[in-house]
Amino acid sequence: MVMKLHEYQAKEIFAEAGIPVPESHLASSVDEVMEAVDEIGYPAAIKAQVHVGGRGKAGGIKIATDEAEARQAAEDILGMDLKGYTVGKVLVEAGVDFENELYVGITMDRNEGKPVAMVSTEGGVNIEEVAEETPEAIAREHIDPAFGLHPYQARKIVFEAGIPRDVAFDVASFLSTLYDLYEANDASDIEINPVMITSDRDVVAADAVMNIDDDALFRHDDLAAMEEDSYEDELEAKAGEYGFDYVRLSGNVGIIGNGAGLVMTTLDLVDYYGGTPANFLDIGGGAKAERVANALDMVFSDENVDSVVFNIFGGITRGDEVAKGINEALESFDEIPKPVVVRLAGTNAEEGMEILNTDLVQVEGTLEDAVQRAVENAQEVSQ
Amino acid sequence: MSIFVDDDTRVVVQGITGGEGKFHTRQMVEYGTNVVAGTSPGKGGQDVDGIPVYDTVSEAVEKEDANASVVFVPPAFAADAIFEALDTDLDLVVAITEGVPTQDMAKVNKRLSETDTRLIGPNCPGIITPGEAKLGILPGNIFEEGNVGLVSRSGTLTYQVVSNLTERGIGQTTAIGIGGDPIIGTSFVDALEAFENDPDTHAVVMCGEIGGEDEEQAAKFIAENMDTPVAGFIAGRTAPPGKRMGHAGAIVSGSGTGTAESKISALNDAGVPVGDTPNEVADHIEDFL
Amino acid sequence: MSIFVDDDTRVVVQGITGGEGKFHTRQMVEYGTNVVAGTSPGKGGQDVDGIPVYDTVSEAVEKEDANASVVFVPPAFAADAIFEALDTDLDLVVAITEGVPTQDMAKVNKRLSETDTRLIGPNCPGIITPGEAKLGILPGNIFEEGNVGLVSRSGTLTYQVVSNLTERGIGQTTAIGIGGDPIIGTSFVDALEAFENDPDTHAVVMCGEIGGEDEEQAAKFIAENMDTPVAGFIAGRTAPPGKRMGHAGAIVSGSGTGTAESKISALNDAGVPVGDTPNEVADHIEDFL
Amino acid sequence: MVMKLHEYQAKEIFAEAGIPVPESHLASSVDEVMEAVDEIGYPAAIKAQVHVGGRGKAGGIKIATDEAEARQAAEDILGMDLKGYTVGKVLVEAGVDFENELYVGITMDRNEGKPVAMVSTEGGVNIEEVAEETPEAIAREHIDPAFGLHPYQARKIVFEAGIPRDVAFDVASFLSTLYDLYEANDASDIEINPVMITSDRDVVAADAVMNIDDDALFRHDDLAAMEEDSYEDELEAKAGEYGFDYVRLSGNVGIIGNGAGLVMTTLDLVDYYGGTPANFLDIGGGAKAERVANALDMVFSDENVDSVVFNIFGGITRGDEVAKGINEALESFDEIPKPVVVRLAGTNAEEGMEILNTDLVQVEGTLEDAVQRAVENAQEVSQ
């Protein structure tokens, strides 16, 4: 998984590394926006800072050519709901008078097991369509991670992509800088789309994407500190605090399991047996009792949930710890809020079954039976 | 027969003095695995349950003639541990560690291509040849000797499918969890090729999941190169699409690949039946045998 | 016959628009070398004496079917130019540039080991097959077609010895200056092996100099693997010992190696006569033929 | 070739990278030495800062245990002639109370084409003898330059070398830091000999060697600025200004040529024909007339020279430029100071022979004849 930086954070990092970005200020109120445009002048772009793709098309980016438009844009965007996220901050940025929009990006190509750099003259919001319809319009170069991006490789894809000759070396230098940032920060993706070529033939990073490999955050305290909680709802925020892999869905069968593959399979089976999953919740490997209790607490907190299935196949996770956690969580209730079906298998499953308070839960021996019963429970409860 | 590990596998456990390392070393030994050494830099000369501990893998290999390692080293040091293992020309390195940074693994992958060593993982449950050897964290008691090979990207899903098989009395030649990380050592194709070449493996289960293109490549390999029948399972049919930002990933992978539909239809096209439930997979295997 | 270059060699000149690149391209073309392209990033589409210039080596290879390159790129960018050449699977890369940082070359050397390309140099005069092709800066007029192979670490010393041969009417199959830098692509052994396998090469001259152990290794190779007679010359018998500080170099190389005595006696032990003067080397070769 | 840093310069770099070094001050007068020891206390080491191996054995390092000894050491060492170099600066350093002396170094192994790291418990001035007599006492590990020194490699050689367990990780960390410095600074060698283990079981860099690859100085302005001219004599200083590869020797036949191999061969032939070389002077490739004239000026400035041989086999170097340069240099004299034998071959040799003013020089057609004649000239002149 990745930690996403906001555009303004990525641009700060890019600018520090020497990549030109338009003048900009971060603002979280209409007044701040107006101060910013006063300083920057017009035209100015007002851009929502939320972790959502397709901001522009969804109304999260507006161009203001005078004070009235700026104020209107600020009022519209600040506080708006953008695909479930509330906009709390906008980046107010000098508008760029551009002639071309290029695409420049680096990501990990998992099929090759190495990073790949990409350049195209067809930058802009439709780059994915370009990739689909005219893949040859995007020049690609794989990078040997032991050597990094050789200067010749940066030149090669820039020339292959047909970047205008007068800015070719500037764009190649962007790429080299981006790769340095990609490697130094353990990025999973890094992207400038678009790179704008101005009428003065300068190149400017008009947007900035930088996602960081979660697994590498331990060695990037500076980046970890940039993480801003902006969860869609309080349940996802809670999952973040607990450190669960959690996704909220729209159904009514709450699902808890260990291991992404098994949890996904449990979701699939809920669907297969006619139910609808309320969530994906992976407690991970080796969970102790407290973590198990937290997971149940999470799922019970979701008012959509009518029934819960707890599916554990222990490898590192031990059945006795799971049973203890379930008992702890359920014994605190006077009445169990939703019916819970438990299926325990694998390491210490027998010990777990001995500990488990079967007055509080329904026990099933197989995955299929457990899911079917949970789906039935949900149907009964929701009637 | 079996693939990759057997009675002759002589294991060194990297990170043997850590909590997980110590616990699973015991489990492996109990299962009958020939664990000949462990490593823990600075703790050379100590022992864990009578297994000698060395400062370096090269010393463990030299003194105890190990030919495989299992890595239980924490994520920050795991890539270095794999590099160390690769430097000693072991036949097999099994990296259990979860959370190894992807760029570390890209470097490991480069180094791996220079050696003849097989890497399984990281972020995987390991490999087991029932009745002979277990390298990793798989719960040994659910496996049984037999003639079905199993390869899976997911740990606990592996256990699920194996238990569906074992409950019907269908044993396994070897079961491998290859791990679900973006960059892994042994792919589906590598494992399938080995199973195809193993005369004792009469059928193979392949458990995939959404993301990446490894299953699609496996389908192609099966269609072109395999006589041994394969049954499949794909987890994540109902998984919600992730919230993505940036286009780089989509440009590289293309928009159509990586979905459950794409994988299932690729497998079906290759003549591989895909079960709707783990139990259905066992049904297909039963039909094959 | 000849080794490494001949009439079929199709050359791309890297750095063709620079002063040296342009001058020596003319010399190479005048000599009859088949120079099919040049590169100079940003100058693609131009030409030098009618030879098309490309931005990248890959484009030059693709459009003009080049199979060898000569590098005249300044030292700061030379390693990058060699990496670029190695990425295109050329058969041969000849790096003339003097002053390439040693650590850059160590990285090049690593990359080289992953390819099937031959690198000659850097800091070398190049390679010539008289009458067919010249890749580098050697003065073509002193060479003559014949059946003696020559390999040398030093540029001007090569010319000296060649002129001693040519004056007597002894021509050459191929002459190679391998360069005197600490890290080079083609070693004495590589060149000797190729000469040994070339039926038209009836004798070989090997010109070494003090420092390193390449000549000692060559002596070993000659003794064990060569039927073709070899005569040698070692420059630096009277060279003053360098003022050294630190021990690291001496520990690695040992104190006895690298001297003229060590090299001469190694060659003599391998049955290679070593001339006291370049002319004496020609005497030995005359005796062989 | 390499640029050598002084011990005090290398130690500054090491200390900045986090390697502990003893407290020290640079001093260039007896008063400064006394100020330094006042601050540091006793025992203190007074160490000549000159580019000479075996300083200690030659009397360039003294330990002072009181003021009188310190003053005596300062007076002895400052201004002393150490193998031809005059000592202008000393490093005054706190004496270290040590229990063991280790060796740690990294250099390029040209046979393997990759760097090699070395560690031994037998550090100290006799490390080269150790290498010769008990090579197994020095643990070695080759480094893949694309990856750098892996942490496991640093640990591996430290354990292999038998470094005491309680300081093993400290020494491994020294090695990792040294490799980072080696790579970042394009060093050719980097060495700490000895690393001292103190009675408190701390590890300290008691000496520091760092030589930089000359060819890479273009990208290390900071290091290039540290170069201190300390030539043995004014002729070598002059050669440095002109940018010649020049070594002064004790004979009387001055030698000028192009290309190290050919110049070495010319020296060898002078010796072979019974003469003694006065110098090694390589004008390099592609020399123009002015450079040729400078070379002659250099050799004439050496009062030991009785005769000169000028041996050019042109590849990039053009015979006409050489001839022009020789003419220029010699035509400025009323009388040619020493007889000059010229041998021109290779590129534009014929053009050169036409230009060359043969009234001023003797011309020979072959290398052997040219050297023989120069040796004869020298014998005549010196009689």
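Per-chain numbering from 1; labels A, B, C and D assigned in written order.
One rule holds in what follows: contacts are C-beta pairs under 8 Å (C-beta built on N, C-alpha and C of every residue); 3 or more make two chains touch, one makes a residue touch a chain.
Since the model is a prediction, treat every value here as computed from it, not as a measurement.
The greater number of contacting C-beta pairs, out of the two interfaces B-D and C-D, is seen for C-D. In whole angstrom, the spacing between the mean C-alpha positions of subunit A and subunit D is 57. Note on chain placement: the centre of subunit C and the centre of subunit D lie 27 Å apart, centres being C-alpha means. If you average the Cα atoms of subunit B and of subunit C, the two centres end up 48 Å apart.
The multi-chain contact residues of subunit C, meaning those touching 2 or more other chains, are 107, 111. Contact with two or more other chains is made by residues 144, 146-147 of subunit D. Under the stated contact rule, the graph of chain-to-chain touches falls outside the line, ring, star and complete shapes. The touching residues of subunit C, when paired with subunit D in their complex, are 20, 75-76, 98-107, 109-111, 125, 137-139, 142, 152-160, 163, 180, 182-183, 207, 209-210, 212-214, 217, 233, 235-240, 243-255, 276-279. Subunit A contributes residues 147, 150-153, 155-156, 159-160, 165, 168-169 to its touches with subunit C in the complex. Touching subunit D in their complex are the following residues of subunit A: 144, 146-147. Put simply, subunit D touches subunit C in their complex at residues 4, 51-53, 103, 105-111, 113-116, 118, 127-128, 131-132, 138, 140, 144-146, 183, 186, 188-191, 193, 209, 211, 213, 215-216, 218-219, 247, 249, 257-262, 264-265, 267-272, 277, 280, 285-286, 313-316, 345-347, 366-368. Considering their complex, residues 41-42, 44, 55-59, 77, 80-81, 83-84, 87, 107, 111 of subunit B touch subunit D.
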